[in-house]
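Same chain, two partners: chain A is paired with chain B first, then with chain C.
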Partner chain A sequence: GDLGPFNPGLPVEVPLWLAINLKQRQKCRLLPPEWMDVEKLEKMRDHERKEETFTPMPSPYYMELTKLLLNHASDNIPKADEIRTLVKDMWDTRIAKLRVSADSFVRQQEAHAKLDNLTLMEINTSGTFLTQALNHMYKLRTNLQPSESTQSQDF
Partner chain B sequence: MTEELDFLGQDSDGGSEEVVLTPAELIERLEQAWMNEKFAPELLESKPEIVECVMEQLEHMEENLRRAKREDLKVSIHQMEMERIRYVLSSYLRCRLMKIEKFFPHVLEKEKTRPEGEPSSLSPEELAFAREFMVNTETYLKNVALKHMPPNLQKVDLFRAVPKPDLDSYVFLRVRERQENILVEPDTDEQRDYVIDLEKGSQHLIRYKTIAPLVASGAVQLI
Partner chain C sequence: MSEAYFRVESGALGPEENFLSLDDILMSHEKLPVRTETAMPRLGAFFLERSAGAETDNAVPQGSKLELPLWLAKGLFDNKRRILSVELPKIYQEGWRTVFSADANVVDLHKMGPHFYGFGSQLLHFDSPENADISQSLLQTFIGRFRRIMDSSQNAYNEDTSALVARLDEMERGLFQTGQKGLNDFQCWEKGQASQITASNLVQNYKKRKFTDMED
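On to the complex of A and B.
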């Protein structure tokens, strides 16, 4: 890809992997994203706690960004510890909601679920377990019904 | 690095198409193919154009780097980017090979019975690999076990012995183009079929079988 002209002293946008690498080589200073601010995060966390469904997150990668930035560049981020706690609170709330909804999904044997506003990290944290559980349940259910003879074994 | 690429569509597409892709779009397509392949329970269509173009680009970049002066920062950044792209490409190919090894009789059978004009799910190299793998497995089984069994048990039908890919497994997906009236089949007899609309940008959890054609056409992206 293309990367903007690097002029000393002027902020420039780069991909995350490059930013972390340059920071590790101590060649730059990282600027936190706009949403990584204590008041904004507090508001979002309270909003998330009130709502029953998932609220839109400031960035589809908020968890990864927080972790990486706080680990490598916490000196560039004001109030890093508070931010860490706030983001962790939001994460815990969302994972709890996810667990509840996965539970009801399996219990009511739904065939389909809509999950907007879930970030990839959350999906993949519980996703493998959930899909495997659903696969097993599906097999158990369909085997209860008289099945046609199949030519080869199904997995 | 900002040059545009031309490439011609290959054999099984019936006639050549010229598509112009910027490198950024090519990488994006590679990542999409990679994610789809990772989460799909079966072997997806092979994408020879993307693979070849990415390899061409990588060679191109390597040549440029060799010729360039020893400016440490630029060279190392480009090297990092190349490593990342190389990782995605090899992970994609590795995933396909793993699926070929896992389901080899079914993959070969599908290839044999494929109608003319339908794109293949195996590149020529993968086809050769699958065939060799089949022959090797058969020979191995024969020499290690079957030879010593009583004569009427000496055949093994690999097609029946190897499990089929599980098309009913659940997958997560994100919708890229709006779709209407997707039929969701019931799991049990008590539930009735119902239709759902897929809005652009929404995410869902559903059985793979229902949306398999959408993955092939690129209307949804597995995540």
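On to the complex of A and C.
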């Protein structure tokens, strides 16, 4: 789409890739997104720890955004290290919840689970392992049904 | 496409093993205690201690106990049971089944036969009356051990994992590797290696010939 005009000193919204590129060429200063603030993140982290299910995240890409912004523009973000720690805490809590939920899913052999508010990054990190384990379980489970007799040769 | 070789995966857990899968071939080679129902002529040459002697054509007499690999036992087994009858190995019998139901995590499944699940699933073809119990026990053992495999595979980054996998059987080791791969990929992303271009491992092995070699 169209962007600009870029007047020096005035804030403008651009796509993230452009922002990172301009920053690397030292042509701009990045403003942190509204949710990337120490108090807000602390509240979100405590909320996440209290709840047993997953709480909504400020953005479906919070991990990726955090990593990119903190790696390229940490001088523009106040208290960058604390933010990094807070986001990592949230990530760890959510991954732990995911594991507990996977474990109870397997133990009770349920057929269907619904997980709200999961971001793609979390799904991809634990997804392959879980699908493979469930595949194995499915095969072991179908052994329980007596199979139709396979063809055997008669002499 | 970063891999040069696509493996055929094991079908052993399901209804039939895959002919081309290396895991299945290895699994199928494990031995099974078996009792012959008819005499088998001339096989006494292989099983010298069981043979009836040279006069009777070196036959293995009826009712003798042998240990045959699974692929051979499966081929000879017939529903009318004219040739062989199969005995279940100890770990699939009642005694061990109660051990597994008590606590599945304690057992060293690698020692019990490194292909516990695959072999057990293929054993179900032999129509034993305990089939339902065996399959139930396999499933429950897997469920019991799942948590530990998940935790250990997802938390051990860049460490020596031989102590962790020592007690897992082959199928569980495959799962462990998948978990480790997921973890490694995540760490790779975190470090930023995902956006760097690295030489493919196929090409790295091509050493450049020296110019002097080519002159000859």
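Basically, the second predicted complex is superposed on the first by the 141 of 155 C-alpha atoms of A that agree within 3 Å, B and C clash if a C-alpha of one lies under 4 Å from a C-alpha of the other, contacts with A are read in each partner's own complex, and residues count from 1 in each chain.
What we mean here is this: a residue touches a chain if its C-beta (ideal position, glycine included) is under 8 Å from a C-beta of that chain, and two chains touch if they have at least 3 such contacts.
The model shown is predicted, which means the values in this text are computed figures rather than measured ones.
Undergrad: Just to be sure I read the superposition right, which of the two partners does A:71 touch: chain B = first, chain C = second, or both, or neither?
TA: Only chain C is touched by A:71; chain B is not.
Undergrad: Between chain B and chain C, whom does A:142 touch in the aligned arrangement: first, second, both, or neither?
TA: Both partners.
Undergrad: With the two structures laid over each other on chain A, which partner does A:50 touch: chain B (first), chain C (second), both, or neither?
TA: neither
Undergrad: Once the shared chain is lined up, is A:116 touching chain B (first), chain C (second), both, or neither of them?
TA: Once the two structures are laid over each other on A, A:116 reaches chain B alone.
Undergrad: Which partner chains sit in contact with A:21 here, chain B, chain C, both or neither? Use first/second/both/neither.
TA: The answer is first: A:21 touches chain B but not chain C.
Undergrad: Following superposition on chain A, which residues of chain A contact chain B and also contact chain C?
TA: On chain A, the overlap between the chain B and chain C contacts is residues 109, 127, 139, 141-142, 144, 152.
Undergrad: Going by the contact rule set out above, which residues of chain C touch chain A in the complex?
TA: 13-16, 78-79, 117, 121, 124, 131-132, 135-136, 138-139, 142-143, 146-147, 149-151, 153-154, 171, 174-175, 178-179, 181-183, 186, 190, 192
Undergrad: Mind listing the chain A positions that touch chain C in their complex?
TA: Listed in rising order, the residues are 67, 71, 99, 102-103, 106-107, 109, 125-129, 132-133, 136-137, 139-144, 146-147, 149-150, 152.
Undergrad: Under the touch definition given earlier, write down the residues of chain B that touch chain A in their complex.
TA: Within the complex, chain B touches chain A at residues 1-2, 23-24, 27, 73, 77, 80-81, 84, 106, 159-166, 168-172, 184-189, 191, 196, 201-207, 223.
Undergrad: Note which residues of chain A are touching chain B in the complex, please.
TA: By the definition above, chain A touches chain B via 1-3, 17-18, 21, 27, 105, 109, 111-116, 118, 120, 123, 127, 130-131, 134-135, 138-139, 141-142, 144-145, 151-155.
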